[in-house]
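Letters are used for the chains, namely A, B, C and D, taken in the order the chains are written, and counting of residues starts over at 1 for each.
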Amino acid sequence: MAGFDKVVTSYNEAMAGLEDGMTVIAGGFGLCGIPEGLIAQIKHQGTRGLTVVSNNCGVDGFGLGVLLEDKQISKMVASYVGENALFEQQLLNGELEVELTPQGTLAEKMRAGGAGIPAFYTATGVGTPVADGKETRNINGRDYLLEPSITGDFAIVKAWKADRYGNCIYRHTAMNFNPMAATAGKITVLEVEEIVEPGELEPSQIHTPGIYIDRVIKGEFEKRIEKVTTKQENQ
Amino acid sequence: MALSREQIAKRVAMELQDGYYVNLGIGIPTLVANYIPDGIEVILQSENGLLGMGPYPSADQVDADMINAGKETVTAATGAAIFSSAESFAMIRGGHVDLTVLGAFEVDQNGNIASWMIPKKLVKGMGGAMDLVAGAKNIICTMTHANKHGESKLLTECSLPLTGVGCINKVITDLALLEIKDGAFHLLERAPGVSVDEIIAKTQGKLIVSEDVPEMTFS
Amino acid sequence: MAGFDKVVTSYNEAMAGLEDGMTVIAGGFGLCGIPEGLIAQIKHQGTRGLTVVSNNCGVDGFGLGVLLEDKQISKMVASYVGENALFEQQLLNGELEVELTPQGTLAEKMRAGGAGIPAFYTATGVGTPVADGKETRNINGRDYLLEPSITGDFAIVKAWKADRYGNCIYRHTAMNFNPMAATAGKITVLEVEEIVEPGELEPSQIHTPGIYIDRVIKGEFEKRIEKVTTKQENQ
Amino acid sequence: MALSREQIAKRVAMELQDGYYVNLGIGIPTLVANYIPDGIEVILQSENGLLGMGPYPSADQVDADMINAGKETVTAATGAAIFSSAESFAMIRGGHVDLTVLGAFEVDQNGNIASWMIPKKLVKGMGGAMDLVAGAKNIICTMTHANKHGESKLLTECSLPLTGVGCINKVITDLALLEIKDGAFHLLERAPGVSVDEIIAKTQGKLIVSEDVPEMTFS
């Protein structure tokens, strides 16, 4: 069964092969559903000059934000990069390049990358700064932008439960960008809360089939919350 | 008198129809959920991957894995569905959401909207706003009619970089409810106690005013 | 709750609004996962001049094949149309037009249609008769075809269980084309084996969220099998 | 002597490697599943939406909702995943399947394949074959070396409409195992008892033959 036992037991193994200048696609939305241990490992390894593709860049001191501390990210592709003073500072200093991409376009670019679709048309961004330098084409009377897909050298993904084949499920809205990120890495590393036996996950309820996954590691998660909002406070 | 944020939200809520799937943006639009009229049911879509957003949780229900697009902790309503960001924007881009409510810096008489970028200020990003305005069938923009210097935000032509082109149908401000069509704002309702003259003075874009503009009612 | 009670109790209501000359997208793969009662209703209604988009066209006397009996289909978009003598005959007679589309391209065209993507590039079919009349474009050193998306006036879909919101799950490989078909109809009608109470389906395990579904009807299914293969016969 | 269908399948199976995700086409390729070498594990993908195809069911396990791409009733192996056709072809098109084995009418020295359409005969459709050949990293084509009239099916240039261009790496016929590269068939192995001369005679395309061509072994 060696061929399909994708479980690794150390973070060094999990991120082996990550080199300076590579592109890393990361799942997560804000701090929700992020591969905390894999991010910490990238910080630990000290890999530099990374292009990171993720909806957000974490916050100061948590999530992808920690990779800013030692200036490991040279380019960020994201839809929203607020809540991060260090990001702001490095951007203004010219130490960090940012490519802002509409959220739905970003999700679809990752999916397309994983699905072997090199480019697709979308109405999102027509007539806006997002259209600069892109082909605009009229199809059936409406204008659309041509958007190229995204793939990464690595994808880092957080799921709830996985088996050793890499089949996995996500928990609640911690799914977000993770399923697309999982498909778009040359090497996809999955960090999970729990490793289960093959067969425990119902086949038609698996969110990401193991074929996309190269390595699986069990992590411990802090699961920090950006905005705790409760009934008492708000209603 | 100019409407409060809550009153704007309340007026927006009257635009909801039974059976609508609705996406509410951050800020005033979020408040709309508190004023859904009796006797109708709407389902709230949150673009991070939740259809059927419920109320905020009680303190002991708070779950880091259950948030909305504003990154607030929420609950899932009975009958909710949860899915990936790609699926979420497939819904949005594909025109399956019946109504989107969002804020803006500026709108213009051609339905253009600017809501994400002020040059020389730090750009935080457009998030899902460009996808929402490109995909929704029906968009209501909520905003103050003028900025704090009294300058109109309802313009002949947006001055800021756009979020979307020709996509806004309706604007509900602290002063008025306006429809955008045929290259003009059409004044349909005014806030209680606000004069037509004040709205004319604070609208820079082309404004069509009928003879009798009713005051808003809230029920 | 009227706005979201999508359950109808008669097949007349289920297919109300279907008119001659419309495009119908149908889920299913061969005879597996097909909306049997909705197909029977189309036959019963006698609607003609239909363009039907589905991976296959059933077999003689079952599945979409029954719509051939009274020549209700004028054009079929499919990837494989074997196992059907009547189909063959009408095709040779010129009574039926067929647009053969690679299976993966067909699935993606439906998904794109539902997702507001008017066209995408794929390497499938480059240099083959499928490329005739289509734009071929070199992207990053490889040739790709531009494929337009597909939408239908109606989509007819078969699921296992659904609630009155139209949230549904599919059973085993009866999923196949159904999830994409569900997204691509102006009116999407879902025929299911069982209607469950809202909340019975775990939110993150729903295959097709109800936003895509307009009507739900409980059906009775024969579930005919094309090729019964068993261990005894084959091993 | 020319290989039987089972022997072709057996030789193909020796190309499998531990940890491969494999898509097996209809016909001879399907038989490959019966000869997976001991000590290795492969996972079979069926393009109707099944990763981890198991053996045929016993009579009482037969389930109309559990079929493979050949529309045969099958089972799901432990650790299987089931998904939509769009997801299935995302895997295929995206190059995530390690090996595809399929039949053909013709292949040529440039790796082109014709497998779905014979002009003047009724066209039944390409099914998933075009997607499979465009997406797979690694494709083995299984076929008889010549047709029943003795005419070669390994050609300079395919005469039938193509399924895919420049995509076939390896051909395993009833007579030989050949690699396609640099615009030629390279004869790597011959079937036991089949002479190099017979293979040369039955190969119309450019054929590179090394000094000593070993006979196939099956273990």
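Operating definition for what follows: a residue touches a chain if its C-beta (ideal position, glycine included) is under 8 Å from a C-beta of that chain, and two chains touch if they have at least 3 such contacts.
What you are looking at is a predicted structure, and each value in this text was computed from that prediction instead of being measured.
Shared contact partners of chain C and chain D comprise A.
Least step count on the touch graph, chain A to chain C: 1. Looking at A-D and A-B side by side, the one with more C-beta contacts is A-B. Each chain gets a centre from the mean of its Cα atoms; the one farthest from the centre of chain A is D. Centre to centre, using the average C-alpha position, chain B and chain D are separated by 55 Å. Inter-chain centre distance (chain B to chain C, centres taken as mean C-alpha positions): 36 Å.
Chain A and chain B, compared by their mean Cα positions, are separated by 29 Å.
Contact with two or more other chains is made by residues 50, 76, 82-83, 89-90, 92-93, 134-135 of chain D. Shared contact sites, meaning residues of chain A that touch two or more other chains, fall at 108, 111, 115-117, 122-123, 171-172, 175, 203-204, 207. By the definition given earlier, chain contacts exist for A-B, A-C, A-D, B-C, C-D. Considering their complex, residues 1-4, 111, 113-117, 163-165, 167, 183, 198-199, 203-204, 206, 209-212 of chain A touch chain D.
Chain contact summary for the complex, chain B toward chain A: residues 34, 46-50, 55-59, 61-68, 70-74, 76, 82-86, 88-90, 92-93, 112, 117, 122-131, 134-135, 161-165. Every residue of chain A that touches chain C in the complex is listed here, in rising order: 108, 112, 115-123, 139-140, 142, 144, 148, 169-172, 175, 203-205, 207. On the side of chain C, the complex with chain D involves touching residues 29-33, 55, 78-82, 88, 91-92, 100, 102-108, 110-111, 122-130, 171-180, 207, 223-235. Listed in rising order, the residues of chain B touching chain C in the complex are 17-21, 40-43, 45, 50-52, 76, 78-83, 87, 89-97, 134-135.
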